[in-house]
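Read the structure below first, then the notes.
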Amino acid sequence: MSASLEKGVRVLKEVIDAPIASYFNSCVHCGLCAEACLFYTETGDPKYTPIHKLEPLRRIYEQEYTLLGRLGKTFGLSKPVTDAELAEWQELVYNSCTLCGRCSVVCPVGNDIVYMVRKFREGMSAAGHAPEGIKGAVNRTITIGSPMGVKLPAVKAQMKHVEADYGLPIPLDAEGAEYMVMLSSMEIINFPEYLGAIAKIMHQAGKSWTLCSTAFEATNAGMQIGNSDLARVLVKRIVDGAERLRVKTVISPECGHAYTALRWEGANLIGRPFTFAVKHIIEVLGEFQKQGLLKTEGFETDRLTFHDPCQLARRGGVIQQQRDLMNQVAQNFVEMPEAGFMNWCCGGGGGASAIEEGEALRLEAFKKKKSQLDAVKPDRLVTACANCRIVLEEGLEHYQMNIPVVGLTEMIAEHIPEPSAEKGA
Amino acid sequence: MQGSLIDTLARQGITRRAFMKYCATLASMMALPPAAGRAMAEAMAAAPAATRRPSVIWLPFQECTGCTESITRSHSPTLEGLIFDAISLDYQETLMAAAGHQAEEALHAAMKANEGKYLLIVDGSIPLGLDGAYSCIAGKSNLETLKEVAKGAAAIVAMGSCAAYGGIPKANPNPTGAVSVSDIIKDKPIINIPGCPPIPVVMTGVLAHFLTFGSLPEMDAKGRPKAFYGETIHDRCYRRPFYDQGKFAKTFDDEGARNGWCLFELGCKGPVTYNACATVKWNGGTSWPVESGHGCLGCSEPDFWDAGGFYKALSMPADPLKIASAAAVAGAAAGVAISFANRGKKSAAKSAHETTTLADLEK
Amino acid sequence: MPLDAIPIVVINAAAKQSGDEAGLSGNAPVLLREIAELARRLLASGESSAIDLRALPLTPADLDWLRETLGQGQVAATLEAEGESTLSETVCPGVWWVTHRNETGAVVSEFIEVTYFPELLKAHPDDVQTGLEHLDLLISDLS
Amino acid sequence: MNDMQFLTWVRGPGLDIAVGIFLLGVFWRLFEIYSLGRKKDLSAPRSVSGASGWHTIFRRSLPPEGMLGKSPVSYIGGYTFHIGLAIVVFLFAPHILLIKNLTGLSWPGLPSQFVDLVAVVTLAAMVVVLVDRINKPVKRYLSTFGDWFTWTLTFLPVLTGWMAVQHLLLPYTTMLAIHILTVELLLVFLPFTKLFHAFTAFGSRWYNGAVNGHKGVAV
């Protein structure tokens, strides 16, 4: 019960660095970032302009780390940031930002705005201005082990089902396995096919893999709320698990933020490089495909399109693999406008989907995705992020669009010949 | 003397056509429209020649006599001489035969006889330092003389840059405390004919105007006749097209200089100098500085001597930058100091870090 | 030592450059339109007008070009008055090229006059009167 | 003070002071900004060609996919006035002479009529950009005193320079002096306003490119 403005400001003083200083000094208020943000384009409300979401951070930067700002503060020319302001900004920093990073790639002066939002959330959470929804998710992840409250027994039960359905073993805590597979609780609860798909793919590729009993949950609500201390606790579980099992590679599931948290933030959170590699499942599939370890039969014949999860593509650098994989199993794959690097967010990333009071705004922002889909009119929508999938399904339902959403890994797995059939051949 | 001026001229063998030609040329030089030349000729021809010629008193102060030299070398000597013939030059130290007390008597006689009507021409600046002791005539400081003679003048012509603006004597650091005529005399019409020296025809043009219309011609904000100082050297320069094309002489002996390209980069002050050199030219229309391959010095502008150097282009700094490198060092030092303060602040914030627990998310 | 032995040559800013276009500022052709306009005005209202060539930013080459382009017409008059003046009609009647020189032969002013007959060439009644008096004198001398 | 003394002052002491404050500010601000440093990225880098800070410095000069149509005025107006400013500042012969005098560097200039035309186009583009800032809700919402002030600071030197060359409103000498004075004001305020993006934009692009280039994303 110690969150306070002072604490928030102190944390911000810690995280403000040269890039942030450079960014704030470069901004010319051109407003182009607004054009890149679906919360602005779909609402037309200028307060959703990305750089504006950082206004308190800018003031703290100027008042703490510039001479003129300090003088201004000393002589009362610039007023200090207040708790009420931060409370007001909560909606802008969390509800209306999915950390999709689109603003960062359009800013003409090169400001990495999402980098700053991520850092601003450190201060916002320390000042007690994080949304209840994300706080709850963090709480459950830390205390129970998963944002949706999934515990190991539930995972074990799921494993049993899958083993029975697929006739393939699901290894748990297998030391020395090549791959340690992580899950997101969405997959455990909503999309159990994912685990079966992994089993089939790994079996066909002939790779050793395992789940980890102490680290099965990949999502990191600590990173979404923007608190490094809590994010570190969650990453540490995975690092400890991976090092205990001495795996070569940890596979991040179809979950965008889990990938960012582990792949790009993890080593920085624990303060040392990893002893293992971190790959997104799509990256692994891409490697298998290149190595000829991914053999499929048959094609999907309906009209398919692919929604790029922001954290995988624009923020993660995995852009081509999903397309190659789509083409391996789909005959009628069409791209949405601005797909790939410039893809539009589903509207629920970065923890936004956990914010109940943000739902109306989220659905408003979904109109962007709707227009993208309307442009290509697909029969089904493929993606590679369980969170995107849930948000997309909600949005499609709201707008009464009859487009089923499927996970890419599962779709690939469906085209892998049954192990029995393989034996028979 | 009887009849109009034209009759006076005719008696001296100057034909009407010669006079018309002179007026056309004078109008051209005064940058007046060609029709004005005819009007001027008609006005002057019809003007009754004064029964007594207007008296002119010429006072030299801190000067080099260059202005007088220039005027006496007017390039149409006969005609311009005639303009001077139309006046009575009652006091001009350099030109007059009289000297000493005789000269002073002539001065005072002229002042007395023409009180309130004579034209006063001044060349040279007036030193104020040491109570004016730097320049005295007949035991009187220039300041005293000027005040005394100006009192009865109808109008004053400040001849040359020294009289008009202080000129070279006033150049930094101005040891004699030199000032211009208009700095001292405030209650008389004053016309400035600046230049170092001024163009002779400007002088005769102003006199012609005074004789024709009995008043001084239209002046600009710096008290100069607009007719001659209405446009810059640059705008009337025959090399202007080269400026526009970006063709510049870079040194005085390069290809550009030989091709007659623009002298801007060699320090020509043409763009900021208002004078008629480019149209009237010097030495009987022979040439003028730019035509001779040298940039304009800007001698008809105030403080031309202190305008940053004759060979420095206008867009160059007038003085070398003195504080630039010191400022850069000071800025870097300030920056480093702030850096240390910032880093201290940041590490203080870091060491005050308390690891956040779940409870810490709540207020 | 003869004067021309001094190794200094006058280089005309315009003539120095090679080619026909050398030294032209491009200001001269525009003048032709102005002259045409003045000629139209002369026909319409009988109003004479003049262009002061010294008042314009023309290079020597520009003047040469203009002189050459306008050409030499049928009438040319020379006036001896404190230096020579030449008034010559161009191939366009009514367009006169007027050059005034001083006693030393230097050009002091130069105009293009658009007029039926240059004012300067006409004799003034007063001068005619003077001439008449002179004639009378001559006649009286005869008797 | 007459116009000539005014001109000589802005060319002399005025310029000295302005350049001094400019250099002081630039060094101070650059140290102040970049000395804050950043943490080393410990995550394993993904190396992709074209993804680096240096690439982004150049790449970010072009509009990303789909953006030109979203805000054509910002892009076309922005390009026009930035390129226009560069031409007017760096390719007008008298300016080159100043740069040569201050730095020893020199290059050929463009005909003054062309520069004149560019100045007019630049002024027009700046007016369009200003109107856009007033009309567009986002720009108006973001705008502070600093935005109007810096626009004026940038507009005036071009306007007064052009007016001086065209002999408009005031005599050339006065206008030239005012022109130089406005440039000096620009220099004085540049390090302390958003105009400092002329320096930091490159650092910002580099950081953005480097941070994302580490992930193998060519931003």
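A, B, C and D are the chain letters, set down in written order, and residue numbers restart from 1 in every chain.
Keep in mind that, in the parts below, contacts are C-beta pairs under 8 Å (C-beta built on N, C-alpha and C of every residue); 3 or more make two chains touch, one makes a residue touch a chain.
Everything quoted here is computed from the prediction, not taken from an experiment.
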Chains touching both subunit B and subunit D: A
Most centrally placed chain - per-chain CA mean versus overall CA mean: D
Distance-maximising chain from subunit D - centres being C-alpha averages: C
Contact-richer chain pair (by C-beta pairs counted) among B-C and A-D: A-D
Centroid distance [mean C-alpha coordinates] between subunit C and subunit B, Å: 32
Cα-centroid distance, subunit A relative to subunit D, in whole angstrom: 38
For subunit A paired with subunit C, centre-to-centre distance based on mean C-alpha positions, whole Å: 88
Approximate Å spacing (C-alpha centroids) for the pair subunit C, subunit D: 54
Subunit A residues counted as touching two or more neighbouring chains: 16, 65-67
Per-residue overlap in subunit D, given as positions that touch at least 2 other chains: 28-29, 32, 35-37
Every chain pair in contact, whichever chains are involved: A-B, A-D, B-C, B-D
Residue ranges of subunit A in contact with subunit B within the complex: 1-4, 7, 10-11, 13-14, 16, 64-67, 125-126, 128, 130, 135, 138-139, 142-143, 225, 227, 229-230
Residues of subunit C defined as touching subunit B within the complex: 11-14, 16-17, 23, 25-27, 49-52, 54-55, 57-60, 79, 81-83, 85, 100, 102-104, 106-109, 111, 113, 119-120, 124, 126-127
Parts of subunit D lying in touch with subunit A, wherever the complex brings them together: 28-29, 32-39, 41-44, 46, 48, 51, 56-57, 60-61, 63-67, 70-71, 74, 78, 136-144, 147, 192, 194, 196-197, 200-209, 211-212, 214-217, 219
Contact set on subunit B toward subunit D in their complex: 221-222, 232, 234-235, 243-246, 248, 264-265, 271-272, 274, 298, 301-304, 306-308, 312-319, 321-332, 334-336, 338-339, 342-343, 346
Of all residues in subunit B, those that touch subunit A in their complex: 334, 338, 342, 345-346, 349-350, 352-363
